[in-house]
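Order as written gives the chain letters A, B, C and D; numbering starts at 1 within each chain.
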Amino acid sequence: MSLLADLLATVFERATKSKPAQKWDESPIRELVAELISNSGEVRGMVLARQILDRYDAMDDDQKRDFFTFLASDMDIDAQAVRNCLTEYEQTPSKATYRAFMDATEPGRQELVRRLNQVPGATGNLVAMRSDLLKFARDDASLAAIDLDFRHLFASWFNRGFLVLRPINWESPAHILEKIIAYEAVHAIDNWEELRLRLQPSDRRCFAFFHPTMADEPLIFVEVALTRGKSSSIQQILADDRETIDMGEANTAVFYSISNCQTGLAGISFGNSLIKQVVQDLSHELPELSTFVTLSPIPGLVQNLRAQGWTDKPEQTTLGQLAAHYLIDIKRDDGMPIDPVARFHLGNGAMVHAVHTDADLSANGLSQSYGTMVNYLYDLSAISQNHEEFGAGKIVAASPEVKALARLGANIVSKDPGYVQSAI
Amino acid sequence: MSLLADLLATVFERATKSKPAQKWDESPIRELVAELISNSGEVRGMVLARQILDRYDAMDDDQKRDFFTFLASDMDIDAQAVRNCLTEYEQTPSKATYRAFMDATEPGRQELVRRLNQVPGATGNLVAMRSDLLKFARDDASLAAIDLDFRHLFASWFNRGFLVLRPINWESPAHILEKIIAYEAVHAIDNWEELRLRLQPSDRRCFAFFHPTMADEPLIFVEVALTRGKSSSIQQILADDRETIDMGEANTAVFYSISNCQTGLAGISFGNSLIKQVVQDLSHELPELSTFVTLSPIPGLVQNLRAQGWTDKPEQTTLGQLAAHYLIDIKRDDGMPIDPVARFHLGNGAMVHAVHTDADLSANGLSQSYGTMVNYLYDLSAISQNHEEFGAGKIVAASPEVKALARLGANIVSKDPGYVQSAI
Amino acid sequence: MSLLADLLATVFERATKSKPAQKWDESPIRELVAELISNSGEVRGMVLARQILDRYDAMDDDQKRDFFTFLASDMDIDAQAVRNCLTEYEQTPSKATYRAFMDATEPGRQELVRRLNQVPGATGNLVAMRSDLLKFARDDASLAAIDLDFRHLFASWFNRGFLVLRPINWESPAHILEKIIAYEAVHAIDNWEELRLRLQPSDRRCFAFFHPTMADEPLIFVEVALTRGKSSSIQQILADDRETIDMGEANTAVFYSISNCQTGLAGISFGNSLIKQVVQDLSHELPELSTFVTLSPIPGLVQNLRAQGWTDKPEQTTLGQLAAHYLIDIKRDDGMPIDPVARFHLGNGAMVHAVHTDADLSANGLSQSYGTMVNYLYDLSAISQNHEEFGAGKIVAASPEVKALARLGANIVSKDPGYVQSAI
Amino acid sequence: MSLLADLLATVFERATKSKPAQKWDESPIRELVAELISNSGEVRGMVLARQILDRYDAMDDDQKRDFFTFLASDMDIDAQAVRNCLTEYEQTPSKATYRAFMDATEPGRQELVRRLNQVPGATGNLVAMRSDLLKFARDDASLAAIDLDFRHLFASWFNRGFLVLRPINWESPAHILEKIIAYEAVHAIDNWEELRLRLQPSDRRCFAFFHPTMADEPLIFVEVALTRGKSSSIQQILADDRETIDMGEANTAVFYSISNCQTGLAGISFGNSLIKQVVQDLSHELPELSTFVTLSPIPGLVQNLRAQGWTDKPEQTTLGQLAAHYLIDIKRDDGMPIDPVARFHLGNGAMVHAVHTDADLSANGLSQSYGTMVNYLYDLSAISQNHEEFGAGKIVAASPEVKALARLGANIVSKDPGYVQSAI
């Protein structure tokens, strides 16, 4: 990672160096935007782009909302122009008519964002800008559409082929590590000593994706425990006093936490690439590793049990069966699993491998799943087929054990849950 | 540069490592393309993309032409769908209708190229693919349009903010240096010893732009001579037996060669950024440098003189005046200078600084300009204004000396050239 | 730094990789040593050296003491052999007789240490070994001599030309930063947040010397505050709520803490090189910096005042005068200043620049110097002369202000201090 | 390698940066030396050391010889002082008396060389200085002794633990590659295209040792061909038109050339470490490699055959037998093999594995061994034992095949060679 930072520092240095030279432009931001869009010169363009980004940074929420409303209304497509160009292209297909059509169908705000991105280091600003936009778009449907423009561009810029996987460890730069502390979203890291326990032992790994133009910002990261046999609880993995195992003994990699870092990159999915890349890299580094599983939360379990009438935590055995049933059988209207984490991993081609009760005794773990967790198995030889069957037929891949559990769970549910509960 | 290669090697290693695993798919390429476009899964998508790229690489010219024709015809927009979506969006603007409109207006081939680029290292393949396309498009207008799709995507991917400037010197990796030999387009480098003369002396510099996903391929590079006073001939700069000057003495940087390396990136302009970035970096490193000039060819001079009736090389003084006149006064119908190199540098905000006869006595120099060359001056404090005045009013910035020369040249031309020639 | 770690990781990886292959050798360590010394083969030598180092690591204090006693007694020179070889060399000077003389005068333990160092990564072990030795040598004069052998070798290995200066900042690897926390010996760093305050602000710098074979271990580091004007107290420099100043404003670099990290390198002085190198590097990076001073403790002041009869802290003005007098006039028998920090900086060619009372209100600061501190000025143009005059004539370079203060201090002291105190 | 250069560039930059500041000192060099030895201050010491090195560089051969004679005569030990110190140490062993003894037994020239080495980058200068010294010492026995002082210091500085192994390939910096061309001593490389054939194909490798303070200078390098089965001729390995084999197919690494680069490091052996390190690294990278052999010249074969009366090249079969006999049975007076290359590899623990006639048809190959070459096998599991048996009993390890050949060769030789030749 440090190499990355070092290398690409050039980009940021330029950004920093050139900053002081520019003085604040007092013109209305709409004028700056209009000039940037129309202006074809790079010098002036860079100055304008820098100004607009700086001005945006200094805005309060109302001003930002206004700015996005301006993008939505004033920088939208011109329907009549599209129609005209389309007709011309249909009648006389040529480079010129196609170019005119392309120009007409792309709203000015896309070109704006593209030009803003010419400033070195601007990508990070634009990601932050989209993070604001997504917040406003929740309450304002008229802004939701323009997010599609951002997303369209970001999908190009953050193309999988541009991402760089780097290990994060105790030798990583502190300014990256503090972001791991800040961004860990699954099992919180409270301080540097807790971070050290996750990174320094030789049987712990962490990997992150970076983008060359945001070298100081991890995009997504995954934490891995190397174990002998599968871990059946997160307490065991995070225990302060556990013994580090010798690398020769480890046969399993447990992905116990995966966190997206940039809200401004929502919907630009990296997670599946990350896990598969790490599986591949770890297999190569440690050929003894034979099993790659997650230890994942089941965020919707309690809510679903309540909806079925379970007012209290079921007894352990029953809970495991109900959890298996929930993961495998409970679907949304579109036939996809109701559990979002299940959708993610099954969509990646993983399979439901094992269910563990009492596996996450944290307040959060208890409230979302009565402490139950699940292993999703990443079997490189089966991923492709799992993925396709899941995509085509919504078929949930699962181990025989979990399938058996799920049938038992289904049986319980098919009876009157109230009855079951009192009978147990 | 070597750092860059080293770091980003991860990307390429992945590409290389994953290659052998895949077996050749014998399905028609159209089927692979159709599946890639429709398929939403990453695993299968990567395999398909790799297959398509490999298949393309193995095609002969006719097959490639067929492939592009298929992109042009079968993967074009559906005009009726565009019309319908547009109407819906006009009537009910919403995220959903806007998304439908965006999807309809973007031809499938853009999504294809984007998905092909998910394979690590694919960017280089796609640049090569566009290089082929441009070749075919010369003879086949129907292919010219689809280049706009490539160009649209490439402009995003090769955004200025993503480029990394690296010095090229005698400590650069050999596999980069051999590309400098191959790509030098202005003053040919015949072998490693000639290359050494351009890179090793402390008063010679070279800089190139690289893109993170094509770490082994320079995109464009510029060669610089640090001199005491302006150089008035390329012979002097490239002389085998010249004396290296001490860095303390140098007050001028002469940009004597700039070469684009990737035909597949034609029209994605980096040249102006490169020169300005190098001016900025050199100013910082060597504060004694006070003047930044090019020593540039005048490719259209002889042709223009011939058009005016000059059948032979004019005498030196006259030639200088005519060259100044040509650079400043001879315009295209759109008011822009007729000389392409002049358009480039004036468009960047440089000014015509001095004209030198007998400055390039190579066969090529003599045939294009009777050996005449020109200095364009990059004065950071004037670039922005020059650029705007040139853009707005087609005003050619020039030194008083060159302006005076140009007036004399104009006088000569206004008379009967035949007469002038015989009078001299 | 991270680059260093990265690069030289090769060395350590080899060490780590080869470790598991070796099984514990149960022979007495003396036998292993004897075999290592006599054995000329590298393969067996590496195995033996690794064994001896591992065995040493596992020893308790008594065993270590025995080991050093063995080095002192059994691996000493053979006086008669030296005498014989010397006579032969005197009579017949030749390569052969000189070689025999060299061999005879070097005790076997030097060759032992040299051979131990052939194991990759062993240098760090040997530095730790000497750290133990120095501890034992305090109570056991017979061991003090053999430290000269270690020191002789270390002086070669840690030759100034082999040291690498690296900035330490918030982007440095965490495993290096935790060593900065651990090794800070002047103004303690209690946790990561305090460390961040010393490293992250743009007006704070830190530099360390590293040795290529101990890439994860700083040897010595210095902390620097960039300020506008001289800082007159450490409280001001370390204040949590101070404002970071703009780099354009800074004109002074204050070296406020310098810490040796390796007790096993005691007496191998790097401190003077470090400060001078940092002065040179900072001058180059920030040409606006015109003054380079330390803000140093005066560790012996209170003790000296007590010896003169001052039972309590003198009043501020008087304290400043007495401190100046102490620094400039109070000498050891050999004519050198009695204050060790003064000896260090004056020996480096610095001068006493200003004295500040109430400058270090920590418990330690109050107890050693009633809170008084001193600026030593590093003026690159005067360092060489200061150094020589101090070396030759024990002349203490000082500013006119401090000299004047010192005269006032001398006057006070020349009177009856009891009298002075009661008079104030 | 490039990383190394990059990192350690700091060291050289300092050297370069500080150079211009110093003006030439006209005092006799003896005075500079005397001052450097006596002076304890670092600032002045660095200036003096730089001056002495620069002055030395500017000397002609006679002046250099004078300089070494001065080191030999004026900077030798003082025998009486040694005697006195020794007696004192014997009578009163203490730190002080031991220190005095150490000081007395080390000639001043050692301290001189150590102080010269404080200048960053000086190590390279001192290696060059020793290269001169070795040249003069050939004709002047009085200078041979002082080389022992250089060698003593160099052995410490170039300790195995300080060396860094780096691959050399087509991505290495050009200024390193040109040194590979220059230093290749076994099978000459005539130009960059030949170099490319040795480095670029994926079945060719090259590795070099570097020292951190001489980052631009390989110390020794080895060239490796990865092959399917053993190569029986150098022509085959170096053939321009050979087919690169797939890495999956390679099962053998052939070390076909090993070259020392620095004459000034003669006698500081790295070769054995290099080969063993490369064997270890290649085994790790390519686990399919099962055999590590050299393809080595037999430099003394023809000379030895002539001495036995063979005036012409024997017929092939006979030649192979005689070569085997020569390698295994022909010894020096000390019992070591007469062939220097055999001594080197057997001393490393390798064994004679196979003999090939017509294996080097170059002029040099024919003249030294009638084109015969030999494979020495590095079998990691046998190296240690081979090495010890060779060291202890001068036993030459060899394959049964070669032993059988050698017996046949011995039989031939035991008869009248003249007879044999005519009989064949």
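Quick notes
Please note the rule applied: a contact is a pair of C-beta atoms (placed from the backbone, for glycine too) under 8 Å apart; a residue touches a chain by one contact, two chains touch by 3 or more.
Predicted model only: the values in this text are computed from it and were never measured.
Counting only chains that touch, the fewest steps needed to get from chain B to chain D is 1.
Between the contact lists of chain A and chain C, the overlap is empty. With centres defined as mean CA coordinates, chain D is found 37 Å away from chain C.
With centres defined as mean CA coordinates, chain C is found 55 Å away from chain B. Counting partner chains per residue, chain C shows two or more touched chains at residues 3, 6.
Taken pairwise by the contact criterion, the protein chains form one closed cycle in which every chain touches exactly two others. A complete list of chain pairs in contact reads A-B, A-C, B-D, C-D.
Here chain B touches chain D in the complex through residues 2-3, 5-6, 170-177, 191-192, 196, 199-200, 248, going by the rule given at the top. Contact residues on chain C toward chain D in their complex (touch as defined above): 3-4, 6-8, 10-11, 14, 17-18, 40-44, 47, 77, 79, 82-83, 86, 89-90, 93-95, 98-99, 101-102, 105, 114, 117-123, 141-142, 144-145, 147-148, 152-153, 155-157, 159-162, 164-166, 212-213, 272-273, 276-277, 280, 284, 348-349, 383-384, 387-388, 391.
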